Amino acid sequence: MTPLEELPLWVAILVSALLILGSGLALFGSIGLLRFKTFYERVHAPTLGSTLGLFSILAASMLYFSIAETRLVLREVLIGVFVTITTPVTFLLLVQATVYRDRFEGSDPIADLSPERRTVKTPSDPHP
Amino acid sequence: MTWADHLVIAPVLIPLLAGGAMLLFEGRRREVVAGINALATLAQLAVAIALLVMSTQGSPAQTVRVYRLGDWPAEFGIVLVADQLAALMLLLAALLACAALLFALAYWHRAGSYFHPLFQFLLMGLNGAFLTGDLFNLFVFFEVLLAASYGLALHGSGRARVRASLHYIVVNLAASSLFLIGVSVIYGTAGTLNMAALGERIPALDPSERGLFEIGAAVLGIAFLVKAAAWPLGFWLPALYAAASAPVAALFAIMTKVGVYIILRLGSITAEAGGGESLFFAEGWLFAIGIATISFAAIAMLASQDMGRLAGYSVLVSSGTLLAAIGVGGPGMTSSALFYLVSSTLTVAAFFLLIELVERGRTPADDVLAVTLEVYGAEDEEDPEAEEEVGVAIPAIMGVLGVAFLACAVLLSGLPPLSGFVAKFAILDSLLDQHWLTVGGTVSLQGWLLLLVILVSGLTTVIAVTRAGIRAFWTFTDRELPRVRGVELGAIALLLSLCVALTIQAGPVMQFMRTTANGLELGRPYIGAVRAQDETSPSQPGPAP
Amino acid sequence: MELVISITIGVLAGSGLWLILRPRTFQVIIGLSLLSYAVNLFIFGMGRLRVGKAPVLDSVVPPYLAGYADPLPQALVLTAIVISFAMTALFLVVLIAARGLSGSDHVDSVEPGS
Amino acid sequence: MSTHAILLTVLVALPFVGSLVTAFHPTNGRNAEASLAAGVASAGLAIAAFFSRQIAQGSVIRAEFEWLPQLGMNFVLRLDGYAWSFVVLVCLIGLLVILYARYYMSPEDPASRFFSFLLGFMGAMLGIVTSGNLLQIVFFWELTSLYSFLLIGYWYHNQNARDGARLTLTITATGGLCLLGGMLLLGHIVGSYDLDVVLRAGSSIIDHPLYLPTLLLIAVGVLTKSAQFPFHFWLPRAMAAPTPVSAYLHSAAMVKAGIFLLARLWPVMAAHDYWFWIFTPVGVTTLLVGAFLALFQQDLKGLLAYSTISHLGLITLLLGLGSPLAAVAAVFHIMNHATFKASLFMAAGIIDREAGTRDIRQLGGLYRAMPITATLAMVAAAAMAGVPLLNGFLSKEMFFAETIETHVVSALDDALPYLATLAGVFSVAYSLRLIHQVFFGPAANNLPRTPHDPVPWMLLPVGFLVLMCILVGVAPQAMVGGFLDIAIDAVVGYPTPKYSLAVWHGFTPAFFMSLVALFGGITVYTALQTYLSGDIEGAPILRRLKGRRIFERAVALLSWRGARGLVQRLSSNRLQPQIALLLCVALLAAVWPLFQNSITLRWPKLNEVDASFLLVWVVGCLCAVGAALLAKFHRLAAVILMGGAGLSTSITFAWGAAPDLALTQLLVEIVTTVLLLLGLRWLPKQDKDAIPPPSPTVVARRVRDFVIATVGGIGIGTLAYAVMSRPLTFSVSSKFLELAYPEGGGRNVVNVILVDFRAFDTLGEITVLGIVAITVYALLRRFRPAPDSVPLPDQKYFQNLFDAERKRSHKEPISAHYMFVPGIILRLLFPVVGMVSVFLFMRGHDLPGGGFVAGLTFAIAFILQYMAGGARWVEARLTVLPVRWIGFGLLAAGCTGIAAALFGRPFLTSAFRYVEIPLLGPIPMASAVLFDLGVFALVLGATVLMLIALAHQAIRIPRTASKAGQAAEGAA
Amino acid sequence: MSGVILSAALLTAKLFLTLAMAAATFRILYGPRAQDRVLGMDTLYVNAMLLLLVFGIGSGSTVYFEMALIIGLLGFVATVAMAKFLMRGEVIE
Amino acid sequence: MSRWLPYPLISVMLLITWLLLNQSLSLAHILLGGMLSVAGPWFLLRLDAPRLVIRRPLAILQLCAEVAVDIVRSNYRVALLTVRDKPGRTPGFVRIPLRLQSQYGIALLACIITATPGTSWVAYDPDRDILVIHVLDLIDDDDWGEIIKTRYERLLMEIFE
């Protein structure tokens, strides 16, 4: 196990960059979660953290441990895979639930979709 | 180790394995499960008797048997300690269990699911709490017995039970939090959880640590007082016991005694460090709380119309009497308190069983929900038993029940000729003895207070119980005769005849209590035995073959 | 850091206590959970805080208390977590049973004023 | 053991044996039972006769049995002259009453119960008089109270009988308890409870500082038992008992127990002014009040009852005077009163039975109808009035003579002769009234029955007693001289005071007092005759002041309404106050040690604060406070926030070097959230707008709760800080670290503690989980939802409607369109999560993980399938037997522990070694792993059981509801 | 040098992630609707997982990996349950 | 084969998972992992999971590459939006008829769409094969439908069908 100080500089810089990129994306995502006006928009924000943000930090971790332990450390891949396949389950159900709830309250956001009308724009916040 | 050495663990293991084995049946084959339960209960009785006998033989050091779980030294492993007091409590629990089970087999075990495993788990919790020599392990066994008691209290469901249990659970969850806080502060200051080691560690604490330790001990003490249902922490008890099914309530009669037992045990272990005072209760508090509990319960008995509640409050009276007696302290008083503990527990249990039989003719069995809903895992299983009549109406039944009721009334109020009188007399006599020794031929205010409160509580018990008895037996409404099974009467007879035996054999029993109380003095034999384990046989490293 | 943890324990406990004093069973169950967090942290803290020295032995650090976090409170907390989990589940079921039987989610199974 | 001791024991034991035997007789065997009872009484008399010579010589017979030697309470029987005389009295009157009762009781009455109780009472009474131990007296004393209760309540279908029984028991039991207190003190003053020791104590008792409290306590016992003012009122109420009981218990025997004891303790306690000042005023008041009230009774038995009270007052007064001669008079009057009063009660019973009423106003001219009864009653009444040549006259004259003497210089003592004479006047008047209004005057014509003399057997006991009255009255010395000597010697000791048992003492002041009483009585009766025949109930002045009424009101007030009020103040059935109290008490307890010890808090090192973790905890605190605020109206938000707080806790654990904790906390968090959500389905909708604004009391309660919560939070936080900020100087944990690997075979010390060092905790902990799971299951089997939560949730109902219009219907939730994608992913996750679970299990011993975590993880794999496809879908495909898993887990963990015992090691001793396996190399094998497997199985089973038991309610309830609906339709 | 850079980066990353957690917490607190809170919770979990990974790098210890793994694999379960609850009113049908 | 190894591909993936979890290639782990990987899919069979067949394994790599690029690009775009929202941005729903039939394919598509910031899966109607997604910044009406169909659906169909 190599202590922090003895890592090669390039590794340190790379790891640091990945860490800052990843955590920065996560932060952006969470800020987006706060700032976007409607739920359907907010859903997009956290994916920053759960995709590229996550991958960056995983990469940082893999890199760091591979160098520090002088062997190939790949188990972080698992976290990436797990998150990538589980996130859709949450989001699908959550968005679907929101659609239902909106519909139940009389404002079906996708009611107007039809073979003729393939997009519906929702510029303003339906629930101020 | 010989097999006899393993007897100490048996009271915990038997119910554990029995409970586990019963679960393999998934609630089916009730006869088999009941059989396992009966065997396990009898086995526990046998073990308890054996331990009791063993605890009275040999030198004082030999009477305290220490069992090192996992073969780790007592200092950091968990030990079980079976001394006379523990053996006595084990025996009491086993006896109650026999009676409660006998009673339950007539009807109540069919009133809901998993009565038998829960019954055994409750015993496991009780036995573990009596035996363990480790504070945190005590917490675990408290939780075992509480969890099982929740299950048993809810046995049969119904609105009253659920409501009472809800209160019981919340109060006890809060108390468990206090328990954890207390235990962890004790660890955080003294660095050990072993009770015996604690007794030795306390004097080594610096003043500030000592202060923190005492805070932990005080918080822990409150948790015990909740278990003992002391005023003002025990209002959940009467409703719960009144709502619980009869055999469960009877078995619960010993639950408050667990709190009392622990207070006694820890008080004795820490007494030397505390300069003769229990560290868990600042001077006089335990006594004051006991007096308050008796007074409150005595008044409440007068105010209760329902027999179940009456019995519930009588539990509080007995709890309060014990707390006050322990608060007074001294070996004489302790031995009297132990006698009282045994007698009052048996009595209250008998009373709970009896009440159900007496009331059976009066109220339809509406407290048992008609079960028609099918359940998970079992196909549309209509509980056919729920409709079935219990027992037969015996013509002279009211007479038999009346005699039993009279016996209970006499026992509860401490009137002659049964053990209730002996117990009450013993406590008062010890009180005066102690005053004669310490104050020299006069009685302090404290003494007068206890005398007064005990006498008055006896009186209010007489008034309240007679009122209830007259209403039940002497008021003629065109009631149906209660349908009663022989085993149900047998269970009550067992408990009452134990009280009778206690009366007749009062001398030898009191002698036993004396030696038990002497063994508790300043916790020396207990601490000595546990510590001796570490010295004589250091941990044996290496694998077992 | 002890101060921060202590304040946290205090806030968790305070919130929990406030909730277990509330009249609705659901508030109580949330309160009990918060209280159990507070208590678990409390027990944990009784072994004193030690950052980054998990009691998982390695070949570098000799097995003394100076080198590792105190394992005993951790074991105690584990037990406490399990037990409080069980109790939360139990209380949940009791509260819905009470609600089912009485129609009310008040802790006394009776709506106040009725 | 000598023959005497055996016989003495038999004397006391025989009635109890008889009582038991009788109890098992058939209820209608009057003859057999009465014969048995009479046999017992006769045997008692025979034994007494056998002892008479020895007793007459002044010796004391003792029998001692060890009972409770530690407390100085042995079973001691002690027969001296005084006790002997009471034995004779009790047995003799008992025999006569039994004989009488055989004919008195109707065939419908359950005779076995009656005679059983009567014999029991006789035994208890004999027990009192032969007790050689103070506490034994109390013991039998309370027994007599109990039998009295049972006998008064014999005809319990009668409201009067029930009330009378209860009243009697209440008063006499109170007295008994006081007596117990008094005896305890007395025993401690003397240093022994043994009566012989007490009677030898000399003046040490009256010199003791606790003499007064002892005396007061004993006095209450004595005065209640002997129906002395102000406790007298139970006795008239006790007249609801069958007449033989009144004759025996309430005139001859039980009420004499108090006086018996007074005389018993007289030698060692009377020589003090307190004694005089307690018993004399009480005695004289009772004497007067009883006599006065007796005159105005309309019930024959009521008159006799008040007369009894009055006579008991007389005896108390005599004993209270403290002079030996007064004591002699008292003992003599005890015997005389028993004789004439018992016979009068029996006569009253005969009249009641024959005429069908006991109302003096309705009765009249019975002399013609029942001459023998009338004659006997007249003689007995004359004895009661103190007519010369009858026994009552003698003792009454002794009484008058004694009142004239000076005992304690005081106005009361001076007034005694006048008060005594006044009482005598009343006594004559009521006796006269009894005779005149019942037997003479115009014959009653509207009686319920036609009266005539009863069978001779019934008259025999009355006749015998009346004969005794006459014989003693005419030839006192010859008849009872010896008897009285024996009794008195034992009380007042040697030298026996000189007293004369002559019929004629000359024209003494006492004789004139008797004369005044006789003529005064005649005058008073003549004056009041018409008034008394009128429509009055009770005495003119005291009518309003009815002791019983006052007492009953007081008892009702105290014991019912007052008690209820008090209990409502002192306790609460509601949960919130209980919790508030608990918290306050706990806070108080925690603060208390601060007064004795100073605890210093160290100043925090703020520079050590890690900003990022500060933020984690800001998040945690926000979540906690948010949960506290939102739990009422936003339940889901509260669940989420609770999860947030849990996550923060979890991160703290991770940060504080407790990865196991963090992992466990996290998984528990997840499962708890799912559980709570499953439960939310059954809670009522909480509408914020429907709730009225809080009332001032609600606001006040919230303020209170806020204060408690704040103080509690600060308290716990401070305590935590105080402990954490100082070093842990000593800890057993160092041992765990040292031994974990070499002896426990694991590197993860926490896990080694859990499965080895403290595996017993873990065993208990998993048991808790198992118990809770089966409890949850059992309770949910009986689950009955509130009516408003039975229908489908709104959103589900609405969606199903919406989908039904547009989409293919689906049978299983798994094939619903919204589950199309999640369903496939969730199913794929099952083996993955299972594998991770195995992974966590395997590495637990060396790295974070272990059976518990693995079990929870695997349980979550199941939950996911349930969420994806619904309960029925999963159970059709996977065999889920959670209860068995729990059972297996417990057995596995338990048996692993037991295995050690086979090798002679204690339970749970673990074995650890490397096993060399070809190709695979050394594989670590620890028996603790097997234990952990049990943990795994149990946790898995318990978690799954709880979740699916809850989940099943949602599918069960609609089905049952629809079934019930079909049934209702079918019925219609 | 490496140590300085890495420490600074770790500190920044931790700060960013905890700030992100705080932001998610505000979303939970303010809602406005249940689904927003649930979304906040999911974000909170993801951020916590990232924090643990960063913490693992910082401490050089591998014991935090499991926790991150478990959040990654199972952190969604609570959220899914809530989504299901919001959608159907029942978590398990 | 199909009886003992109903889902060979999944078994392989599970084995890889096991080895990754344990960070080990020791024989013991391969054996143990192998056993678990064989046993796990039996449960899938019980749970009626559809068979997983991959026609063109190499297309997966292509897909991965494209998705990776998309993820990076959209991360950048959305990150900008979170800091400074574009004034004229119009979010909206898009209806996309799908030809893709494989359940795994659709699931993977869901993963991709979710993983790409800026698009999110809203609803899928298996009866009519219609997908609705939400787009954060709806630049052109037809753009998104085409992107999904050409970039992902085609590849997915190649892989799974």
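Chains: A, B, C, D, E and F, in written order; residue numbering restarts at 1 for each.
Operating definition for what follows: a residue touches a chain if its C-beta (ideal position, glycine included) is under 8 Å from a C-beta of that chain, and two chains touch if they have at least 3 such contacts.
Predicted, not measured: the structure shown is a model, and the values here were computed from it.
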Report summary line: Neighbour overlap between subunit A and subunit B returns D
**Report entry** Centroid comparison with subunit D (C-alpha atoms), farthest chain
**Finding:** F
Requested in this report: Please work out which of B-C and D-E is bridged by more C-beta pairs in contact, and write that pair.
Outcome: D-E
Report task. Give, as an integer number of Å, the spacing between the C-alpha centres of subunit E and subunit C. Result -> 21
Report task. Starting from the mean Cα coordinates of subunit C and subunit D, work out the distance between those two points in Å. Result -> 40
Report summary line: For the pair subunit A and subunit F, the C-alpha centroid-to-centroid distance in angstrom is 15
Requested in this report: Would you mind listing the residues of subunit C that make contact with two or more other chains?
Outcome: 20, 25, 42, 45-48, 52, 54, 56, 72, 76, 79, 83, 86-87, 90, 94-95, 97, 101-102, 107-108
Query raised in the report: Got the subunit F residues that touch at least 2 other chains?
Result: 17, 21, 107, 110, 121, 123
Requested in this report: Return the residues of subunit A touching two or more other chains; collapse runs of consecutive numbers into ranges.
Outcome: 1, 29, 31, 43, 45, 50, 53, 75, 78, 82, 85-89, 92-93, 96, 100-101
Report summary line: Per the touch criterion, the pairs are A-D, A-E, A-F, B-C, B-D, C-D, C-E, D-E, D-F
Query raised in the report: In their complex, what parts of subunit D are in touch with subunit C?
Result: 573-576, 579-580, 583, 604, 606, 608-610, 613-614, 617, 620-621, 624-625, 627-628, 631-632, 635, 638-639, 642, 645-646, 648-649, 652-653, 655-661, 664-665, 668, 671-672, 675-676, 679-680, 682-684, 686, 705-706, 708-710, 712-714, 716-721, 723-725, 727-728, 731-734, 736-738, 740-741, 747-750, 753-754, 758, 761-762, 765-766, 768-769, 771-773, 775-776, 779-780, 782-789, 846-848, 852, 939, 942, 946, 949-950
Query raised in the report: Which residues, counting only subunit A, touch subunit D once they are in their complex?
Result: 82, 85-86, 88-89, 92-93, 96, 100-101, 103-104
Report task. Could you please specify the touching residues of subunit F with respect to subunit A in the complex? Result -> 17, 20-21, 23, 71-72, 75, 78-79, 81-83, 85, 90-97, 107, 110-111, 113-123, 132, 134, 136, 138, 141-142, 144-145
Report summary line: Residue positions on subunit D within touch of subunit A in the complex are 794-795, 798-799, 802, 818, 821-822, 825-826, 828-829, 832
Query - Complex contacts: residues of subunit C adjacent to subunit D - result: 1-27, 29-31, 33-34, 37-38, 40-42, 44-58, 63-65, 67-72, 74-79, 81-83, 85-90, 92-97, 99-105, 107-108
